[in-house]
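Listed below are the structures to be examined.
There are two complexes below, and they share chain A, which is joined by chain B in the first and by chain C in the second.
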Partner chain A sequence: MFLRNSWYVAASGQEAGRKPLRRVILGEPVVLFRTEDDTPVALEDRCAHRHLPLSMGKLIGDTLQCHYHGLRYDRTGACVRVPGQDLIPPSARVRSYPLVERYRWLWIWMGDPALADPAKITDYHWLDDSRWGAASEYLHVKANWQLIVDNLLDLTHLAFVHETTIGNSALVEHAGVKVQRAHDNVVVTRWIIDQPPPPTFVKVGGFTGNVDRWQIIDFVPPAFLRLDVGATPTGTGAPEGRRVGGISMRNLNAITPETETTSHYFWGQAHDFDIHNPHTTEKVVAQIRTAFLEDVAVFEAQQVNLDLVPNPPQTDINADTGVIQARRILDRLHREEAAAAPRAAAE
Partner chain B sequence: MTTWHRVASASDVRDGEGFAVDVDGAAIALYRINGAIHAIDDVCTHEFAVLSQGFVQDGTIECPLHAAQFDIATGECLSGPAAQDLRTYPVRQEGDDIFVGVPEA
Partner chain C sequence: MSVKFRVELVWQDSDASIAESIFLTSDGRVILQGRAVPAADRQALSLPLEAALISVDRRLVRAIKEML
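Let's look at the complex of A and B:
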């Protein structure tokens, strides 16, 4: 089940160029490319004639030529040339999707184009902000998108999945957790006071003693999770808002469903220290990459079990509070979108 | 026969959130509603969830997992999926100390 009336990240800005890129999004084939003036374009990746992916073709100027029989489409998806005949059938067109380049990502709108307001794009400015060092990456995951959302809303797993990087037992056994909810938002705040830093924080933050560590998870539906994480030496006032002498990072996640059982996982990491040093950015990103590949192994193993027996009974524990509140918002949005769809079709 | 246990300082119990205490192995939560402190069982009667990590609104606590709601002052279950009420306990304040009265078994 997908929410269609939302922006999703389709690709990083640099993935789209003069070589057409195919990407399946919400179960639909999409082809991404740039026109000669560098404008990014997203079209349905299926020729209106005999269904070949247009991404197998090539760009002729600003038109995309099908690899099979040479039909050419412009950036609006209209066919502008049918080899061997002068008349172009009006039905010869493919869908075009609203596409916006922002925060070094390309954002696509798969739902009703009339509702595609760029102001609704979730804020990821840290990826493109001179006050932060940052880099972003892409992972393909053979698992349903909601498993990734669940993972990022319950960070107790860090103690078990990521004990060589960003986790240690302190964040389960010595943490204060608070979940706040709003109409379309869940925030999970965890403070770990006067505890040893995890390995990654020692490597990139140089801590020698205990720290006060925070994890503030901000969820925006359908699948945007922005994490404010960091630590300062214990007792220097971070819980009261004075973040000095430590490190602050943003772990920025945008998950785009590919199919019901596969996902595009775009993520980035921003850091507020040594911001102009690409080696520092790479060091930070490498730590998170190691952790996220450990997560992907978990997601894909979960999905294998869910493929065998869909919707098995599951036990909820208190750490699931954020996950459950987010799923309730998603359930409501699915109901609202399903209720609006017949009305929109009738109009 | 009621035994009184000192469980918290008055400042521990803040508006809008539960404060979990352990009284001889019993999980009890304290809440402040309109200035008065109330003590009720802290485990949801539906499934095993810690209620004080849930959501306080208008004198009720909503279970963080499955959204059962209880009246904090009376322990009454107001909406499902739980069906049973929570036990409430008398609260006494002496200076800054909060005591909860638990019946002896």
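Let's look at the complex of A and C:
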């Protein structure tokens, strides 16, 4: 079950070029490419003639030619050439999708194009803000997208899954957690005061003593999670807003459902220290990459079990509070979108 | 001093007003933030004189309905 009337990340900007790129999004085949003037385009990846993926074809100027019988489509999805005949059937067209390039990502709208307002794209400015060092990556995950959302909203797992990088037991045993729920937003704030830093923070922040550490998770539906994380030496005033002498980072996550059991996971890491040093960015990203690959192993193992027994009963604990609030928002949005669909069809 | 793991839940209405907090504690309790009901109110409203009563904002009731 997917929310269609939302922007999703389809690809990084550098993935789309003059070679067609196939990507299944919300169960629909999409082909991405750039025109000769570098404009990114997203079309349905299925020839209107005999259904071959257009991504197997090639670009002829700004048209995409099907590999099978040579039909050509322009950037709007209209067929503009049928080899061997002058008449182009009116039904010879494929769907085109609104596509916007922002924050080094390509954002696609899979729902009603009339509702595609670029102003609604979630803010990820840290990825291309000169005041931050940043890099982003992509993971393909063989698991439902909500398992990834759940994971990012409950960071107590860091103590167990990531004990060699970004986690330690203080996250569970010594944390005060605040969950702020608004109509379409959940913010989970966790402070861990006067506790040892995790290994990654020692490596990139050079801490030698205890720290005051924060994790502020900002969830925007359907699957955008922006984490404000960092630490300062204990007693320097970070809980009161004075973030000095430590490190601050943004962990930026955008999950796009591929199918009900697979996901595109776009993530980035931005840091406010040594921002012009690519080696620092790579060191930070490498630590997070290690941790995220540990997460992927968890997601995919969960999905294997869910494939065997769909919708099994599950037990919630206090740490799931943010997860539960996010799911309630998503349930409401699904109901609203389902209710609006018949009305839109009738108009 | 160490903080034992606990969760504070806060509801923010569409007008940005914030409800009083709900606390989930590690020993399984749900603690609601409110104000003690003074003896004068108990008398005036015929409320139980000895019970541990608290008065809560209506937004907290909304928060309970939405969040718990």
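Here is the rule we go by: the second predicted complex is superposed on the first by the 347 of 347 C-alpha atoms of A that agree within 3 Å, B and C clash if a C-alpha of one lies under 4 Å from a C-alpha of the other, contacts with A are read in each partner's own complex, and residues count from 1 in each chain.
Definition applied: a residue touches a chain if its C-beta (ideal position, glycine included) is under 8 Å from a C-beta of that chain, and two chains touch if they have at least 3 such contacts.
What you see is a predicted model, and the numbers here were worked out from it, not measured in a lab.
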Put the two structures on top of each other at chain A: do chain B and chain C fit, or clash? clash
Report for A:Ile193: first if it touches chain B alone, second if chain C alone, otherwise both or neither. second
Go through the superposed model and pick first if A:Ala182 touches only chain B, second if only chain C, both, or neither. second
Based on the superposed arrangement, let me know which partner A:Thr321 touches: chain B (first), chain C (second), both, or neither? both
Per residue count on chain A, the busier partner among chain B and chain C is C
In the superposed arrangement, does A:His174 touch chain B (first), chain C (second), both or neither? second
Determine, under the contact definition given at the top, whether A:Asp307 touches first (chain B), second (chain C), both, or neither. neither
Residue overlap on chain A between the chain B interface and the chain C interface 177-179, 181, 318, 321, 325, 328
Any idea which chain C residues touch chain A in the complex? 2-12, 14, 24-26, 63, 66-67
Name, in rising order, each residue of chain A that touches chain C in their complex. 172-183, 191, 193-195, 318-319, 321, 325, 328
List the residues on chain B that touch chain A in their complex, please. 17, 47, 49-50, 53-55, 64-67
Complex contacts: residues of chain A adjacent to chain B: 177-179, 181, 316, 318, 320-321, 324-325, 328
